[in-house]
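Listed below are the structures to be examined.
In the two complexes that follow, chain A is the common piece, with chain B as its partner first and chain C second.
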Partner chain A sequence: MPEYTLRLRRYDPETGEAPHYEDFKVELEGHRSVLEAILQVRNEQDGSIGVRCSCRAAICGSCGVRTNGKAGLACHTHLDAAAKNSKHGENVIVVEPMGNMPIIKDLIVDMEEVHWKKIRRVTPWLVAKEPVPEREYIVPHAAMVDVTQTMACIQCGACVSDCMTMEMDPLFVGPAALAKAYRFVGDPRDAEQGQRLKDLSEDPHGIYDCTHCFQCIEACPKGVAPMSQIMRLRRRAGSDFHIDDRNNGHRHEMAFIKNIRKNGLLHEADLLPDSYGGKFHPRAVPELLSSLPVVLRALKTGKVTVKKALLHEHKASPEIKRIFDTVENREVRLEYNLYISGNEDDLADDPADTTGGTATATLAPPVVEAPAVEAPAEPAAVETPVEPAPVAEPAAEIDTEAPAEGEPTEGDTQ
Partner chain B sequence: MPSHDVLIIGAGLAGQRAALAAAEKGATVAIISKVHPVRSHSVAAAGGINAALNAEDSWESHAFDTVKGSDYLGDQAAIEVMCKEAPDEILWLEHAGVTFHRNDVGQLGTRAFGGASQARTYYVADITGQAILHVLYEQLMKHHEQIDRYEEWFTTELLLDDSGNCVGAVCRNIRDGQLQIFNAKSVILASGGAGQAFSPTTNALICTGDGIAQAYQIGAPLMDMEMIQYHPTTLAENGFLITEGARGEGAHLYNALGERFMEKYAPNKLELASRDVVSRAEQTEILEGRGFPDGTIALDITKVPRKRTLEALREIVNIGRDFAGVDITREPIHIKPGMHYIMGGVKTDVDGQTPINGLYAAGEVACVSVHGGNRLGANSLLDTLIFGRRSGEHAADQALSKAMPSTSHSKIADTQRKFDSILNRATGGRRISEIKNELGETMNRYAAVYRDQAGLETAHEIIRRLKEEAAVAAIDDKGTVFNQDLLGAVELEYMLDVSECIVVGAKERKESRGAQFRTDFPERNDAEWLKHIDVSRNGDDAPSVTYSPVSITQWEPQERTY
Partner chain C sequence: MKVAYWPGCVSRGFTPELHGAMEAVAPLLDLELIGIDRASCCGAGVIAEHNQELADTLNARTFALAAETPGELMMNICSTCQGAQSECQERLDASAEYRAEINTTLEAEGLAYEKGLVTNKNFLWLLVEEIGLENLKKKVKRPLTGLKVGPFYGCYIVRPTDRLGIDDENPRDQYMQMVIEALGGEVIDYAGIYKCCGFPIITMNKKASLQMAGTHLADATDADADCLVVPCPLCHLNLDLQQPMAAAEIGRDLSMPVLHLPQLVGLALGLDNKALGLQRHVIKPTSVIDWSTAVIGSTVEAGW
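For the complex of A and B:
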């Protein structure tokens, strides 16, 4: 049986001793988990090691730690895989408490102080649509499957730990809480989707604070893909509810799209003014002025030339335009969802799936709030490579009522 | 000292549901848990929750299936209450936000489950417990003004006043070691089961029988303790659960000869016979040499369409991949029966009241008894919610007409002395973990699917010895902040008490019924044993045994075949 060195970060607030690393030897098979190794050490060598754990099977979310610098569940990290990624020597596995949260003792962090406060920030309960039906709400199968991906979140805090935005902006609502927000925004039974989106769009630490670093997707042990949920919140806010947020978040995204569609490459000189509604928009003027020092520095270092800034040297190829046309002409937006389509790498070798292993997008739940969207297309009409989940019956209660109720006007009018 | 109308110990489904029900009645509520509420073991319930909600189904049918599943040891009056109230509970959950699976017209959809004559299991993929637990916690956050949450507080003992009423508990803040008396007019135990007394088990490390032992220590009788459910599909290496939902969706069981052996044991229901029947069948195949070399049976989920598996059984896809290296959508996974659930517990009535005034129990810690000799899959979530709610309502009603009791602070000093004595134990004895491992192996060997008198006697002797060893086992951690070592020593004592009650009950029942199969008494014997076995504390000696009748309303015991 292989021998591993478990290098644990120790900290006990009662001793006055500074945090330090302590090495323990464990003999376990490589497919056993880091948690099993920690527990073996605790059981046989040092009972004072602090680590939260309970189910051992990646369900309860207790044992979030950083293994070799990456957050995840200790019970969900195999020793051999951890050792392979180690930069600390052969079979040396470094286990530390999660980041972005205060440390209480050894591997135990204060989840309440950061994670749970942020969860409470997003009104984390269903605000049930009135009237509450006598029986169940009639909602599309696909909508429930869709929010199941965020219901799969076990609140382990791994995404919070490794969120790079939160490192820079501790007030960022963060990946876990925003995924939780999507769980309600995506739920056709919720009465406050518009208000939720408005709130999280306007908050300078809300959905537009995310910098797309993908760390939360990497860290999440349950495939919740928090960043994808944040992007879906943005699409809902900007495209479906037409929320014109004061962070310029939506306009900034639209500026990117316009830019790429036109140039094929990012053209920074247009991006900034377009993000504020165009070069001559009153809103853009102060922003452009305030960014002059940056522009001058860029000119000085040669990063930008006057020619590059003013002329559009590169034009988008027809292929790029075709991508935009295809996506934008879909009647129903396709969204990625694990519960419908399985693992990303699952499909490649399945003879039933003829997708080449990349297209994992599936039907988004029928967009209930946008009156502009026609009744959801028949599944067959959607160019989705995997068999789409059934779509709502047009007669479904929520679907027919929703456009009137959920119309994104209330918080939206200036 | 914190004082509340209702104090709830444990924050899984039963505890949280009780808290919400008591708050709705206008009571002030404290809910205490040794882990954060969403870490509670209810989170691991996978397959779903039963209710006769479809027009073509009836509560009588659900009740009969439950009675039959219990091998006629379940109390029929209590089962009727549970099954009648089940549909409203599902709708309450749905309105609170649970994302239940829908059928193609958008209504609640069901899946098939073991021992049921109808598909009446409502579910969220195979994370039903998690989905419900998290929604209840959402509601706790919403109702924070009435419900005080004490997260990561460890209850050390229940408090009785001079007249024998339960008036609160002593608890330790795990974060800083501070002891606190929680005063309450009513106390609801909702602290779950005791699976960690067995090794392996599907149960989480926190399932150490705390509440069962605490109630036992203050004199509450425990009932049906011998009834331990072995789940038919647990991973061989680590005991992890593969949901019954897999068989509900169409998976088959095969022995090493490739035979679908359930055809022999349950020709009608096959893999969806009740759990005791399937586990016994598997164990028989294994003992008679038709298992795989590693002592397992094959569960073939490839029978289920792959897309359906990925949507509805995603969690076990993950568990297979991460903990057994098997892609269950492409190849069978090897399983065997494993300890899963304790049907017995603190004896209660249908309002959760124990024989001790002011003390309630709900969920796995309790025994109403709705599960009798064998619990049906997807009835445990229902049990936690129905009797959690009923306990909460009843406890609140009672509390609102009572004065707040006062408790002497001297109790804190007593508890502190107990902790200090553990901290000061001399090294040299066995380690806590060694004792726990021996207990787990002992229980899994002698109190498992097949039992006999000699084995149970051996188990009892071992437990008595382990109790002595545990009383002097030293610990390493002498601190106050998150001293999990110290709490582990206390939990070990709880598990030993519970184990002794299990073994005493199993020795007592000289017949085979439900989960208890005695090779020395292989038949069910209604004439002598259609009754509950109650065990109560008897000082430091082995528990004393009494009997109580089984409630039979409309279903006379029959021969049980599937």
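For the complex of A and C:
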């Protein structure tokens, strides 16, 4: 059996001792989990090691740690895989508490401030639409499939641990809470979608504070892809509810779109004032003044010529304009969600495999983002949720075997 | 080798020295760059955030245009292009039905995207996977001996790992280190290698954005790096152009030169500083110039 060196970060605020690393040797098969190794060390070598866990099967979300610098579930990380990307020597596995959170003891962190409080902040329950029907709400099936990805969250905090905006701005609402927000924004039964979006757009630490670093996608053991949910929130807020937030998030997005439509290539000199509402928008003035040194610096170093800054060298071809017009004028936005619809090849190669990768793959047509409440008439097919529609239908029907809460099950952890 | 070349927008706008350096280095690596003329911006994630189908259609068009060139594959010089385009390609390749939908829009122009139509590689990947490190080593005229270089990958080229094809066979998240070593330089390990420069939130949360840039630059300074090297012009904007503001934000003096990858390669292949546009940086790469003049006996004229 291979021998691993478990290098644990130890810290107990009560002792007054500085944080330090301690090595423990464990003999375990490579397919065993990092959590099993920690528990073995705790049972046999040092009973004082602090670690939180419960299910040991990637379901409860309590064992979030950083293994070799990457956040994830200790019970869902194999020893051999962890050892392979170790920079610390052969079979050395460094386990540390999650980041962005205060440490209670050793590997146990306090998730209250950066996680639970933020989750409560997004009103994580359904605000029922009136009138409440006597029996169940009838909703488009596709709309519910659309939110299954966020339902898979087990609140482990791995995404929060590695979030790069959170590192600099602890007030950022954060990946887990924003993914949770989409759970309700995307739910057609919710009465407060517009209010929720307005709130999260206007908050300077809300949806426009995400720096698009993909860390949360990388960290999440459940394929929730919080960043993708944040982008969905932005699409809803900007395109469906036309929320013009004070953080310039929506303006920046629209300035960018306008810019590419017009120039084909990005024209930065135009982008800046447009992001703040155009050269003559009052909001643009202070921002432009503060960016002036940057532009002057660019001019001075010869990065940008005056001509470049003022004149357009590129013009988008009519083809590009046509594509913009065609796609933007659709009544519903097309979105292909790999989590839900999968890759048809994976399905063809191994129809039995539903554990690996992101999700239960279903041969489904592209997901049509469920239109917002005010959006014009929905295609009729979307309204008939229960009958499994033929796969070729271009509507939003998805195979009824959509991943339910908590799925896909992580069969390979034990 | 012929490649369909996608320089992106920023390399021709705010960081023209990148495009210039790439053009100067290409012949030394036996690369023939064939521009993809009518292509549009990849959207840098922002178009996808606005409308996924729009981003997928524009990039499907770029791929189709690339396939029309005699290039063996498509090459970009921008992490953000790589990430944004890989994301679109992943969706386009996943479903025939979705592709058909996209192709309906492209049809009018006589273009179509087929599954796996092009392989799109950042210059970094191409260096290691197509040109090869051994081959690269042979071309080195002026090894970067003693130059301490901190790699800065940025986000789009390393995450998510599966989409970007990072695995045991292709450890693409180690390529910068490998290239620096192949060029004879010394790799500096510091906390910011895989962090975000903060560029995407510069208009929304300037403080946090500049803090990110400042922190990584300060970490590299503390690790005693002479310079950083980036495969992404957007990272360069926040790390170089904004460096004075980032320094003010974190309350520290900073003067960390930031080189584009083709500039670093060009230096080692013997090109002079001017040809590589080093004078166009906001932070003058004095340490790099000092190094290069020391190496070749001060024949290189600094030029500023």
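Here, the second predicted complex is superposed on the first by the 309 of 414 C-alpha atoms of A that agree within 3 Å, B and C clash if a C-alpha of one lies under 4 Å from a C-alpha of the other, contacts with A are read in each partner's own complex, and residues count from 1 in each chain.
The rule is simple: a contact is a pair of C-beta atoms (placed from the backbone, for glycine too) under 8 Å apart; a residue touches a chain by one contact, two chains touch by 3 or more.
Fair warning: this is a prediction, and the values are worked out from it, not measured in the lab.
Novice: Of the partners chain B and chain C, which touch A:Val122 in the superposed model: first, second, both, neither?
Specialist: neither
Novice: Going by the contact rule set out at the top, does A:Cys60 touch chain B (first), chain C (second), both, or neither?
Specialist: The first partner, chain B, only.
Novice: So, does A:Ile108 touch the first partner chain B, the second partner chain C, both, or neither?
Specialist: Once the two structures are laid over each other on A, A:Ile108 reaches chain B alone.
Novice: Output check: A:Ala179 vs chain B and chain C. Expected answer is one of first, second, both, neither. What do you get?
Specialist: A:Ala179 contacts neither chain B nor chain C.
Novice: Which partner does A:Arg189 contact after superposing on A: first (chain B), second (chain C), both, neither?
Specialist: first
Novice: Answer with first, second, both or neither: which of chain B and chain C does A:Ile257 touch in the superposed model?
Specialist: Only chain C; A:Ile257 stays clear of chain B.
Novice: Is there a shared patch on chain A that both chain B and chain C touch, and which residues make it up?
Specialist: In chain A, residues 338, 341-343 are touched by chain B and also by chain C.
Novice: Going by the contact rule at the top, pick out the chain A residues touching chain B in the complex.
Specialist: Touch list, chain A to chain B: 12-15, 31, 42-44, 46-48, 50-62, 76, 78, 104-106, 108, 111-112, 119-120, 124-126, 128, 132, 135-141, 143-145, 147-148, 151-155, 187, 189, 222, 338-343, 346, 350, 352, 386-387, 389-390, 392-393, 396-398.
Novice: Which bits of chain B are touching chain A when the two form their complex?
Specialist: 35-36, 38-41, 43-44, 91, 94-97, 99-109, 124-125, 127, 130-131, 134-135, 138-139, 141-142, 151, 175, 204-206, 238, 240-241, 306-307, 310-311, 314-315, 318-319, 322-323, 325, 431-433, 475-485, 488
Novice: Using the touch rule from the top, collect the residues of chain C that touch chain A in their complex.
Specialist: Within the complex, chain C touches chain A at residues 9-10, 12-17, 38, 40-41, 43-54, 56-58, 61, 83, 90-91, 93-98, 101, 105-106, 108-109, 155-156, 159-161, 168, 195-196, 198-201, 203-205, 207-209, 211-212, 215, 241-242, 244-245, 279-282.
Novice: So in the complex, which bits of chain A are touching chain C?
Specialist: Interface residues on the chain A side: 84, 164-165, 167-169, 172, 204-205, 208-215, 217-218, 231, 234-235, 238-239, 247-249, 252-254, 256-257, 260, 264-268, 272, 275-276, 287, 293-294, 297-298, 301-304, 308, 316-317, 319-320, 322-324, 326-328, 330, 333-336, 338, 341-345, 365-366.
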